[in-house]
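A quick write-up on the structure given underneath.
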């Protein structure tokens, strides 16, 4: 019945919406796949126990994405993995890193929060000076100071000490936490959001500054406390340059897990055959940290936005 | 329970912005003072300075009679209710109210009793264990009040506490706060931008604009006798109508000529106190009349308009009308804040049959009109008129006025010889009992501690401050203190009056001296190299406000002329001339380039003279920013 | 200044004072660094030694530290380094010059070193500091490059010559390469630099001959070298010829069949056998290559058969400079035991370390009989390394500064650019003509003799030319 | 009131004059304090804590005294670590510079190990820091005893130690909170940074045995900088040839890395936060995964994924797109440098986008929705709304972050180091194709021990980042409104 006047072609809002939604679903799935593939590949490699002709497990990178013969052998080897004559070295690395990250988490969170509170809520003579000082110091590339820090710690026997190498872990803790205080910007961004009238009414109620911090500010800053603790905790798990210099490349038993994993492949003792073990190690390290992240994601997002907005 | 005194309080931020300028007030105990004004006028800053949350740049703040400038907020024994209530979100209502007392180590049972008592007053007993999040705005507002009450402080500070509430709740809370003030009997200082709250709650109101105090007075005085156009426009709703008009005196009536040609007349009595120059339609002035003082009249009046919009509010109605008469560019003429040259608002009781398009005649209540100077926007009908001006003839060293002629003292004679006709502005305090002139007393007004008499001189009045004895109808014999009078010849000033104060530029310094093995520091004002010992607390204040700069910068020292004496030695000044005003004579001195007048005997011969004054009489003003330091 | 700042700095300062006391090596422990592959063996050896000599007076702690980077560790932080450590002999110069090591003074040890070792190793062990020669190192492992090939694709005869390797590779695939090298530093691809005439075993190369740095002691512009360079340039272009190790590493190139053989040392053997499977491991001397009309030059006429050469190197024990008193004496006794012939044999049996002492090759068959459990691969390994001895050249070593000239300062990198005929910084084809090649070799020789590159303009027009 | 002529109105004294005045003023005040202070104060100029003892503040007095004795012992006894001295000897060594190394120990005639000259420079700086602290403590102890004098003069009792501690919890609370971080920052950040800066003015170079004299370390003024730009020394030539190409690439990298991640993150956030889209949580978790995994694991995973025999190369070969494996990350010498740079930026997007996406989603949540409704009514199309409402709002809010991330990217080390290790190496030069200033600095210092040249590069990087920060930061809104908004 083409006689009726042609319907004015305008896309009904509902149709347009559905089409654009469909398009974004497709795009998003592709993008998520792209983001997931490398991680998926490492996890799959961790479970790959393909054999070469002579029946041994192929440890190197191979062309197949999916394992022909999945199994837990790599993890088993990882536990008994020996490097530089040190038995069960991977477990020791995990232990060392856990110890360092727990101590750093406590120390750094305390330092960051105390500095952030001071800069955000207290007014004192050298306040702008301190902020500029911390900004400028942040601009220097860190490598050169690594050597100086190594020698500073060495002079108080906390690193490169042949008698008790375990002390270099203490040295690493100090080195990580020492710099933490200067990274107060994100926490300060969060404290700025807490209304000043709360602090002022507490002052009128006769509180000392300490009491205001302890009784009023801290109870209200659960998200930023968790964000800072999370960042401080995951720090030692990610750094592999600094730790190697402080602990020393011959001190294998006291390495952190990141230094260990990196050395498995790319140091002079590295061997491409260890790649599957490396993948297993990555999975072992990745799982706890990812779980922590997913669990605390809400606070992480809050920290990120608070920091970013105030800068 | 205590009063408050603020003397010359200034607040200047580092970037030079002057938030509060020369704030002076003396608050009695149990008063309910309201600071009102548009946002950014410095009202909250002043409140925060009283609370100690903001540092006072200069000036003295007394609570009771103790100086509290440097005292910690918690020691000032004041309580404050914040605009956003500032309740601790993680504490229950009970803990919120008890927090202050716990800090002061008050025993738990006393706290419990006080909190419950306060809760009863504000009937929030059954919310005591709730968290602030779980309560409405009004309830939270009450908790904030409760928190202040339990402290039973000397002074109660409230920073726009009702601005976050809805209209109905706001009205209800207004009455509750006023009731609270009555029951507690504490001094309240209340900050708001809502003039309705100010008018309904305050015993006295401070109107502020851009950091300057416009007027401090009771609500009714503000309503009826606004000091300037801003206060008039700010107080009262709907807003006062303003028109640019000219005044022309015709015998005992004064014609008010509108820009669009309408003319109305008011009795001369109403504008008697206005300076004469306004009354000859030479100068444009601003006429202000409140909508409630404009009535729709049956019979024809000089003012008529066409009804534009009518708003019925139940018990009264508001009519917006356009005045008739051709005004070429009515739109442009209306500056900011002025109602368009030809539109007027009228508030009348309900029941008047008026609807859009009707032509109505309007009658202004002559006794409720206000007139403001166009430039300064200050009212021209001041309670105590600034000055009354009359013509006078000068010939052969004699001045003939008021039907009499009197010999002129030397100083005036030299200034006026050959001027002939002069216009003389005579301030009320320049008329003193004496033999030179006599006029009949038309009326005497009692204005607080001042008695103002209006003396008839032809068709105008000379206003004079008189003592108890003078009554209506007497003939008052008086003389004129010519040094306080201004003589105009043509349009430039032939002889200006002599002010009360003198200003000298100098520096500030300190010196140590040993007094029984102790180091004692003295502070000095140095003018022209001559040190004058300054009071010690001024020295501390200078250091506090200006820091180390105080010993480097120059300052303006303002001294009351009465306090300046001639002495053997002191600040050297060379005499330029002697001004003899008959009852008093002055020496005009040049103190290294700065010219000042000092009381001096007529016969003073020597050309070089030394003047001295006491440090206590000196007020130090900063030169960089217009601020009185101490 | 506020009071609390003092508390903070006081606490830190106190820590510094206290910390100092705890530092410094403890007295009665000797720390020994050995290569990772022989870590177990030497731990066991030291245990046996201590049981045998109860009056030794020191405990010994063995740690594993790659011999390649041991020297760098010592220089970086001498106090944190071991008391006795093992380095490849090319590091001796640096360590002696920087006074990080102590000379060997023990009479018996000196005699053992002079008696057991071949002359090139002895020359290397002595070094001069401030003019006076002293014994610093005790060799215990010898090394030489050799060929490792995948027997599944290369027959033993093909492994004898590079042309054979190319042929085997061609059979496997159009793009399969004949052989690769394990690294691009001066040592690992020096087989063409050190190539010799297969029969006469002579070469026109002179590398600090007689261990002196005089005008004539270096010569790199000989016809053999030019011919070898032209040969290696062609080999790199040949689809089945030579390839550099890929980013994934030579190990994966073999495993994935990109190449069929690799030239490497004993320390690559374990990884190589893992990648192809121990039964497919083939070992041979470095193959020969025959010059063709394209690759011939001057006296190195077409048809001459050259064989790739190698450095005859050794790993040695050295003593940390901080050793003193009775510990210093004990350390030398321990070195004497660990570098004795008997222990060297045991270490060969346990972890394929090629002994350094003279005449080991002849004992090979006897050892094979006594230790049937030894795989014939390890025997072949030993055989290949000792055969290469004739074609080997002990790395030149005059004093600390010398071998860093040879080894670095752009020498090896320039050689590689010549071989690739492509300069990555200028993105242009270079060294295409014989004259360019001679100019390149001249520049490398200049580096050997002066430790820095010569300015382009100063190169004389007619080459080859003497350099003083 | 006769208007007094404005003579001598204060002209604005510039900053230097003002600081000079303050300094002179403080000096006079110091002199006066000595003259009229109590005996205790006078004594405290020489013996720390004397003033406090005089005023019966025993604990405080004891603390000051202990500090003085401790520092003097430190300076005189020169404690030594591995043969390197603190104390006055360190100062002497620092001034002399240049260690002959290998002196012979007098008693045993043994040859001493060479003094490690890095330590010499460091211990010299530590000693100078101790002297500065000594000076600060000296001033503090005088001021504290003078304050006690004033208290006595005004009839008050001098503050007891407990009162001082209480004061710490209130009026001087910021001191208590900042001191640990400040001390840590001074010792572990400032001192090492100064160490680095000084290093640029010495000949210090771990492995350069070619130096004729064997002194490893002596001050040679600005030669390092001169060498670098004129290429006199062989090393200088090498550095100057590569400095500007590397600088150019560092900027290119910072710009690309920052803006790709920034806009990528915004677009992704908008996609995910589209109304009516289900499964937001799942999608976001997929992306957040890359932030959760430690960076070095994900980067090494990607590096091996793209290696010659890894899945990607094999896939491309099977599909016939390429004949032999491509070196994506310039790990082999003659790989394509441009490809390496592009790949590094793409992988950096893979790492950076989730972070900005999270941040933007947080911000998108609090864009007032009525803006969009108004837009819809005005008939604005989806894209118009993006350009006119969403983008301007997000950009306005996140400008401080943008600046921060730009600076971060100039110093971003992991991505380049782990993926390309500096990219296709240039024959003879240390800086490779994709080397940033930071990775090049790492190669120079940690790998090759050329500390002085590394320090020069480090200082150059600082100067560049500092100028950018100053220009953008001071003009940005965040700086001047920093504390007014609260």
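By letter and in written order, the chains are A, B, C and D; residue numbering begins at 1 in each of them.
In this text, a residue touches a chain if its C-beta (ideal position, glycine included) is under 8 Å from a C-beta of that chain, and two chains touch if they have at least 3 such contacts.
All values reported here derive from a predicted model rather than from experimental measurement.
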item: Centroid comparison with chain D (C-alpha atoms), farthest chain; value: B
item: Between A-C and B-D, the pair joined by more C-beta contacts; value: A-C
item: Distance-to-centre winner among chains (Cα means, whole assembly as reference); value: D
item: Inter-centroid spacing, chain D versus chain B (mean Cα positions, whole Å); value: 56
item: Between chain C and chain D, centroid-to-centroid distance (C-alpha), Å; value: 41
item: Euclidean distance of C-alpha centroids - chain B vs chain C, Å; value: 97
item: Sequence positions of chain D contacting 2 or more other chains; value: 81, 126, 176, 180, 182, 187, 307, 309-310
item: Residues of chain A engaged with two or more neighbouring chains; value: 60-61, 63, 154-155, 195, 211
item: Listing of all chain pairs that touch each other, if any do; value: A-B, A-C, A-D, B-D, C-D
item: Chain D residues within the chain A interface of the complex; value: 81, 118-119, 122-123, 126, 169-171, 173-174, 176-178, 180-182, 184-185, 187-193, 195-196, 199, 268, 271-272, 274, 276-277, 283, 285-298, 300-302, 304-305, 307, 309-311, 313-315, 350, 354-355, 358-359, 361-363, 382, 397-401, 403-404, 407, 411, 413, 437-438, 441-442, 445-446, 451, 454-455, 458, 461-462, 465-466, 469, 473, 478, 485-486
item: Of all residues in chain D, those that touch chain C in their complex; value: 60, 63-64, 66-67, 70-71, 74, 79-82, 86, 101-102, 108, 110-114, 116, 126, 130, 133, 136-137, 139-140, 143-144, 164, 168, 172, 175-176, 179-180, 182-183, 187, 206-207, 209-210, 214, 234, 241, 307-310, 323-325, 327, 329, 331-335, 424-429, 433, 449
item: Chain D-facing residues of chain A, complex; value: 17, 20-21, 24-25, 27-28, 31-32, 34-39, 41-42, 60-65, 111, 114-115, 117-118, 120, 122, 124, 130, 134-137, 139-141, 143-149, 151-152, 154-155, 174-175, 177-179, 181-182, 185, 192, 195-196, 208-211, 213, 234, 237-238, 240-241, 245, 258, 261-262, 265, 275, 278-279, 282, 285-286, 289-290, 292-294, 297, 300-302, 304-305, 307-311
item: Chain B residues touching chain D - in the complex, by the definition given at the top; value: 499-505, 512, 514, 518-519, 548, 551-554, 556, 593-597, 623-624
item: List of chain A residues in touch with chain C within their complex; value: 52-54, 56, 58-61, 63, 84-85, 154-158, 160-163, 248-250, 268-269, 271-273
